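Labels A, B and C are assigned to the chains in the order they are written; within every chain, residues are numbered from 1.
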Amino acid sequence: MERLRLVENPVDRLARTVEALLVIASKPLSIDELATVTEETEERVETALGLIAGRLREGRSGIVLEHVAGGYALRAAREAAEACARLVERPVQRGLTQAALETLAVIAYLGPVSRPEIARIRGVAADSAVAGLVERALIAEAGRDQEGGAVRYETTPLFERVFGLSGPDDLPELEDLGGDADELRARLEDVAARRGA
Amino acid sequence: MERLRLVENPVDRLARTVEALLVIASKPLSIDELATVTEETEERVETALGLIAGRLREGRSGIVLEHVAGGYALRAAREAAEACARLVERPVQRGLTQAALETLAVIAYLGPVSRPEIARIRGVAADSAVAGLVERALIAEAGRDQEGGAVRYETTPLFERVFGLSGPDDLPELEDLGGDADELRARLEDVAARRGA
Amino acid sequence: MALAVRELPLDLDAFEGPFDLLLTLVLREELELRDVDIAEIVVAFLERLADRDELDLDACGEFLVLASALLELKARGLFPDEDLDLEGLDPEEAAEELAERLAAYRRFRAAAGWLEERLKAESDRYFRLGPAPLSPTAERPLAQQEPAQLVSVLRALAAEPPEPSLGHLVLSYPPLSRFLERFRTLLRSRGRFAFDNEVDRLPRVDQVVAFLALLELRKRNEAQIAQAGPFEPITVWNASAS
């Protein structure tokens, strides 16, 4: 056993390293990149890739080495396509998280609003909530703050559709919390400041 | 040989499907999820995972199956860590300060927990530590406190994955840590002895 | 590395050892607080702080809490009859509270140490973050939502916060950010203000935190500070306006 270890084909080890790199990569890796990262020659990387291609191929493994335009990447075997489709296709999301809902409400009633303002009112950083809502296209950028130059956000037509509103002014009344957006903003900021950390 | 192919163990095929699912998944998959998506029983999925674990293990493959964060996932073999470090940075783990680690510990054991509660335990405001951990996606918001209205936090599956924990039970018992009373008494006696001398 | 305040080595007339041991001895009444010169502890901390390039705000905050708790205990010990406006917390309770907190804190510090070790041991485990390169991604549609949800979260955000509990008053202190925000607002709206006017009605611990906030603004070049002499009023003005 010990003997075998000592005479291990060095390309085997390189092949394992390349496999490891491919499994953590979020984009295809070129031979050039692989050679740089492994500190090996491109020739030896190609040999290692040949070895991997023999192991990770359709019919033998569920993980398949694929040569695409940008280089090499791992993909799911075709025979597993149905199961993969079931994994990826996710059911309709029932509701938004508390963070997303609060951020959305602040933008809907006060908007356009900047992230620092949302953070001040919610008492926590708004970065990930805002990014998530932008990705879902429920809010969008709406110019910049006059003072600080921070990007401001407003709700989108998709937001109105999802919440069944006929337009931006169709939001439920909130008169008891302040007659207009400025009053509401002042009240929210005041409460947030007194709530502390 | 041809004969063998024809009577292929059906678990082999399931194992390949599971491998395929793991290579496209962006988070660990539980046995329950794997069974649903493959339309198989949990028992057979476990058998398949056993087969994969034998193939995808340290020393044999650059791709390694691991049981982590309540599920199964693929990762790079440890022997390839140097090459991996050259390919990607690890912003999640890099530069976690003492304050961040203490805050993370409080949230891991007591979560969901609010910033004021964390501050009470640590004796200092936890604002910047919490913000940093949210940014690293090691913790996430988990609703608000009933009484004070402060946002509460809990650790994320990424936390378990980064720290290599198979689940919440993988943390050591809090009572076993620190050895407060005894350690304090020992230190006191030690000091007393030295002072007396 | 952050400054470990609780491990701050002290070499005082009455005591030699780490800060947390001093606290323990005091709380066990094995060391008379009146023999301890708290100014010496402050000097030791400041010397340690001066060795560093940056102001370690976490360490300052932690030190403030512990030092002010000691001061509080000492003040009560020296003037047992003085009504310190902290009804409901006698010195013993304060000491017990502090001891309990130190014990809890030690456990979590040990847990943090465990996590740190774990991180080191697992630092050679690499995995992919985010989606796989060749995997199909599907949008996850959002179900129809009720507008009333927006109203209810806004109402919750606008609800009056509860009165702060007095239970932890002796050990609680306000976040630095509160004063940073307040002073920035003042500088924006007025351009200049007298520090003493802003803090003279505040509890002592708040005043200290407010002063730290002021130093931080000065360090970030957001404010200028002037004082005619020791104990004279401090004037603060907008750095960019001058």
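The criterion applied here is as follows: contacts are C-beta pairs under 8 Å (C-beta built on N, C-alpha and C of every residue); 3 or more make two chains touch, one makes a residue touch a chain.
None of these values were measured; they are calculated from a predicted model.
Each chain gets a centre from the mean of its Cα atoms; the one farthest from the centre of subunit B is C. With centres taken as mean C-alpha coordinates, the chain found closest to the middle of all protein C-alpha atoms is B.
Chain geometry summary: the mean Cα position of subunit A and that of subunit B are 19 Å apart.
A separation of 30 Å divides the Cα centre of subunit B from that of subunit C. Mean C-alpha positions place subunit A and subunit C at a centre distance of 34 Å.
Looking at subunit A, one finds that residues 20, 23-25, 74-76, 84, 88, 98, 122, 195-197 touch two or more other chains. Among the residues of subunit C, those in touch with two or more other chains are 126-132, 134-135, 157, 159, 161, 175, 177. Interface of subunit B with subunit C (complex): residues 23-26, 66, 73-76, 78, 80-81, 84-85, 88, 90, 92-93, 96-99, 101-102, 104-106, 108-109, 119-125, 127-129, 144, 147-149, 158, 161-165, 171-172, 174-175, 177-181, 184, 187-188, 191. The residues of subunit C lying in touch with subunit A in their complex are 126-138, 140-151, 153-155, 157-161, 164, 174-175, 177-178, 181.
Per the touch definition, subunit C reaches subunit B in the complex via residues 1-2, 4, 17, 21, 24-25, 28, 30, 57-58, 61-62, 65-66, 101, 103-116, 118-119, 121-132, 134-135, 156-157, 159, 161-162, 168, 171-173, 175-177. On the side of subunit A, the complex with subunit B involves touching residues 13, 15-25, 29, 33, 36-39, 61-63, 74-77, 79-80, 83-84, 86-88, 97-99, 122-125, 127-128, 195-197.
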